[in-house]
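For clarity, chains are labelled A, B, C and D in written order, and residue numbers in each chain start from 1.
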Amino acid sequence: MNRPHLIKIPERGGTRVTNDGESMNILCIGDVVGKPGRDAVERLLDDLKEEFRVDLVIVNVENAAGGSGVTSKIAKHFLEIGCDVLTSGDHVWDQKELEEYLKEEPFLLRPANFPEGAPGRGWCIKSTPSGIKVGVVNMIGRVFMRYNVDCPFRALDTIIEEIKKETSIIVVDMHAEATSEKVAMGHYGDGRVSCVFGTHTHIQTADEKILPNGTAYITDLGMTGPYDSVIGQKKENILRRFLTSLPLRFNVADGEATLHGIVIEIDEKTGKALHIMRIQREDKAFQEQSGKKESCSAMQNE
Amino acid sequence: MNRPHLIKIPERGGTRVTNDGESMNILCIGDVVGKPGRDAVERLLDDLKEEFRVDLVIVNVENAAGGSGVTSKIAKHFLEIGCDVLTSGDHVWDQKELEEYLKEEPFLLRPANFPEGAPGRGWCIKSTPSGIKVGVVNMIGRVFMRYNVDCPFRALDTIIEEIKKETSIIVVDMHAEATSEKVAMGHYGDGRVSCVFGTHTHIQTADEKILPNGTAYITDLGMTGPYDSVIGQKKENILRRFLTSLPLRFNVADGEATLHGIVIEIDEKTGKALHIMRIQREDKAFQEQSGKKESCSAMQNE
Amino acid sequence: MNRPHLIKIPERGGTRVTNDGESMNILCIGDVVGKPGRDAVERLLDDLKEEFRVDLVIVNVENAAGGSGVTSKIAKHFLEIGCDVLTSGDHVWDQKELEEYLKEEPFLLRPANFPEGAPGRGWCIKSTPSGIKVGVVNMIGRVFMRYNVDCPFRALDTIIEEIKKETSIIVVDMHAEATSEKVAMGHYGDGRVSCVFGTHTHIQTADEKILPNGTAYITDLGMTGPYDSVIGQKKENILRRFLTSLPLRFNVADGEATLHGIVIEIDEKTGKALHIMRIQREDKAFQEQSGKKESCSAMQNE
Amino acid sequence: MNRPHLIKIPERGGTRVTNDGESMNILCIGDVVGKPGRDAVERLLDDLKEEFRVDLVIVNVENAAGGSGVTSKIAKHFLEIGCDVLTSGDHVWDQKELEEYLKEEPFLLRPANFPEGAPGRGWCIKSTPSGIKVGVVNMIGRVFMRYNVDCPFRALDTIIEEIKKETSIIVVDMHAEATSEKVAMGHYGDGRVSCVFGTHTHIQTADEKILPNGTAYITDLGMTGPYDSVIGQKKENILRRFLTSLPLRFNVADGEATLHGIVIEIDEKTGKALHIMRIQREDKAFQEQSGKKESCSAMQNE
């Protein structure tokens, strides 16, 4: 049986996480929510990059501005501190002023399957310091989503063709609600792209795998935001909303954040994925800063 | 900071999985899909019960009949082979003949928050062989779901009050699509029920935890069904549907199934959860039966 | 066959529109959109009241404030100029400051089937100048609507019971999207309430009728707002949204408004409806004010 | 002000309904539901064609087979009795066997904006007996609809271009739920097509008009089916569904049907619409057949 590999925990410190010139490592960070999420990225990024010998960092930033979209200022800061490509989703239009910046900045993406005429870009090609080109594609699903956009599956065909002219390393952020649509995108891209990861639900899934034809896949990276919350929002507010059906402004919860994401190892020659590993990392600096003690470390890297 | 425990991997063979008369273990199995899923439960159940000293088994069976609902015959068989309580969801009405059986069988549940007058029961109290009573509640979410049912949060209040007359051990299957609604239910039940687990999306999440007030929580158990599929269905069919927007009958995929679920350890006196542990178990018997070899065992218990 | 009456055009000037002490006339005005809609109500109301010998005026005001909700100031003004009861819908929470006023003002309604704990009232009993009591109920549908509220059908049972203690004249504003849910509400109330009219879609329907047991019914009153628009909004903006899938703020269109609604005649003793008549009335004052000529009068009262 | 005409009731017997060689009349019949609907079309069609000097008949047949789709046999029968072009909507795939017939029959349409690869055609050009060519286009909306199809607005541009090579008379059936999307399609086609009529909601709207640039428009034709029903289905069943949230098979109601539709008069040279008139016609033959008397005729042609 052509059963895919199911690599769960690559040996740390071994060749797997060493960029030996034949494979590269990409760190993908899930939906950054508000200030707690932004701080977590800022405080954890350098260590993560060193620990996993990361060649490229992709971050979904669509909830970075108070939970609702991203501003040009915040986006710029992400790029300055070492994030290479920023992806987004349905909240990308929440901050009106972003529109101009979307047109300028090639490494801030909005979903590629918005109809022709939408401002900004849906994919890009970014070079790593060592000169490896990586195509990054941002897609949005249609099931249970608020926008009627073009078919993400057919859109992917066109974009792959374009990117393949320059590189065979392609990573897709499929920002979607329904697991069926995300899993389907994984299989659709299998063997043609290096990785399909999902974002949007803010909860990391435990189904990371290498698909039969060499594509790394996970249904959702999970969010990077306040741990004690309902998908990043204040618990009390969300519960009130569910109990009363009254509308609610997005209120980012306080407290320590957890960074969620994956590291993928990709064969530089073929663009095939070699490994995928889930990351769950607490923002301990937050605790120290707040003078709090924390005895439980179970969540670190799982 | 009153940070919840984040127990990931209890020490196997130690006291944690030994029912020492003070704590009990409950195995919860996620959405069983079609014949591959039913076979996996049948072949793996006894070993899992022994391995984890399981006192009670809860199985979500709403996709057990060809992916669409469950028949009375299939439900009876689950109960005969050692499943104690069967839960369901939006597909519970798919098999017309089930309605009579729902009225008869106290341990086959439909969501409790269907309006008054719906056939069957939404919760039950089941005694383990050693005489411990466990309340099991089945709820269905309203966000992105096809039925307009009563508020699951308010419904829980009423049911908890009823069950607490007999036992403080309560497990809730929150069958829902949106992560926000499921996480909110976890926090809503925190300290009042032993566990809230989600079902419906067919993809296991990696957010298992003990909430601050002692409730075990996971957003989704994941399905028990064919591994190489889109949430249990044939990949080719689902992809064709996404590409053409044409409707599609549910076609359960072939091939080896994986059982997804959790084991929770609960303090018998207080009803508080002590541990939660995710399970991903391949149905190896399928492979042997088919004369296939399988060298990769990475997915076992993760 | 017990076929309901289908009165389309009651004889004007005859006894039908004369309040002879045995029947009463109620004017119901559909969703008022923005300033053009408010002005139309203000300029047309007195004439309509005289023309149809109107005893009570019910107005849906949920889009009166720039298309999005209603403010306390605007609501007060409606009551001052002779509107007796104001109804609303899903937009009732759009203007945050309204919440306090909702708690105070008994004749400004929000949907009755919001869960317990929502601010304000869902029904009221209003006396006409001649002392006839009229119960007015505001409901919201659940199909294709953004809030998960309680069942409007079951809620109606409870409210009817309350109102019947004081009067048998009851009018229901069913604010909903799906025709099936609105038509079902008509049949559900048939014989128990005097009238069920729908609001929300902003397009008047041509199905006004008296149902078999004496309830006047129409699926939607239509809006009171700018004629040359897409349901009250600027055409260009809405078209841009459909073409680009980009989000859009609500922009009330300019230009002359049309008032849409119904007049119903109700037997004062039994509460049964005797007639229902659709109204489509141009705000000619707008034209005169603007110095424009208007030769076409085809739309008047149809 | 460039205010559109609002022609409500063209003078019958005058030149308006006489095809004088310069204008033509098209009868458009709304969603035919089940046997009562089919019988109504069969019994009323010839008289309507004579009365309005109809040159072409367009019928939406997507609920003709027991309320759910249409079979090849039923479709053929419609064409045999004098319907010229059959349109459909989201139910077009309900009858599996239709797929072959859809490929064969050029005058049975499915929505044109299904993705490439869907069987059948989305538009056609039909010649009247006197040799006038009429383009008919079938579109489906995306708001509140179950399929993720291509943008109907952009699809219209392409199709208009094709049809204009042969004729400037174009009629569009916009099968959609949301009034905003249908009204927007009217404005989008205004001046480029002869008529945009909506179908799907089964309730006729009272907003028929000629738009500023000469396109006849109505948001919904209404259904052709059992009068005493909830959008064609048995009242009792639908009410039970709303009260219990239990699923329900489509059950066409019994009893007399009403035919709903429009007649539009189009300038043969320019393709501009001259008039639009709503039709509501009872199937009296049903009553006579059943030996029932019917004194109320108010609904006839309104």
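To be clear about the criterion, a contact is a pair of C-beta atoms (placed from the backbone, for glycine too) under 8 Å apart; a residue touches a chain by one contact, two chains touch by 3 or more.
Note that this is a predicted model, so its numbers are computed, not measured.
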(Q) Regarding the subunit B and subunit D pair, does the interface count as same (over half of residue numbers shared) or different (under half shared)? (A) same
Q. By how many degrees does subunit A turn when fitted onto subunit C using C-alpha atoms, rounded in steps of 5?
A. 180
**Q.** Cα-centroid distance, subunit A relative to subunit D, in whole angstrom
**A.** 47
(Q) Centroid from C-alpha atoms only, then distance subunit A to subunit B, rounded to Å. What do you get? (A) 28
Q) If you look at subunit C, which of its residues touch at least two other chains? A) 115, 148, 151, 154, 242-243
Q | Of subunit A, residues touching subunit B in the complex | A | 1, 3-8, 144, 151, 153-154, 177-181, 183-184, 187-188, 201-207, 212, 219-220, 222, 228, 230-231, 233, 235, 238-239, 242-243, 255-256, 278, 280, 287, 290, 292-294, 296, 298-299, 302
Q: Enumerate the contact residues on subunit B facing subunit D in the complex.
A: 93, 114-115, 117-118, 147-149, 242-247
Q) Which positions of subunit B touch subunit C when the two form their complex? A) 115, 142-143, 148, 150-151, 154
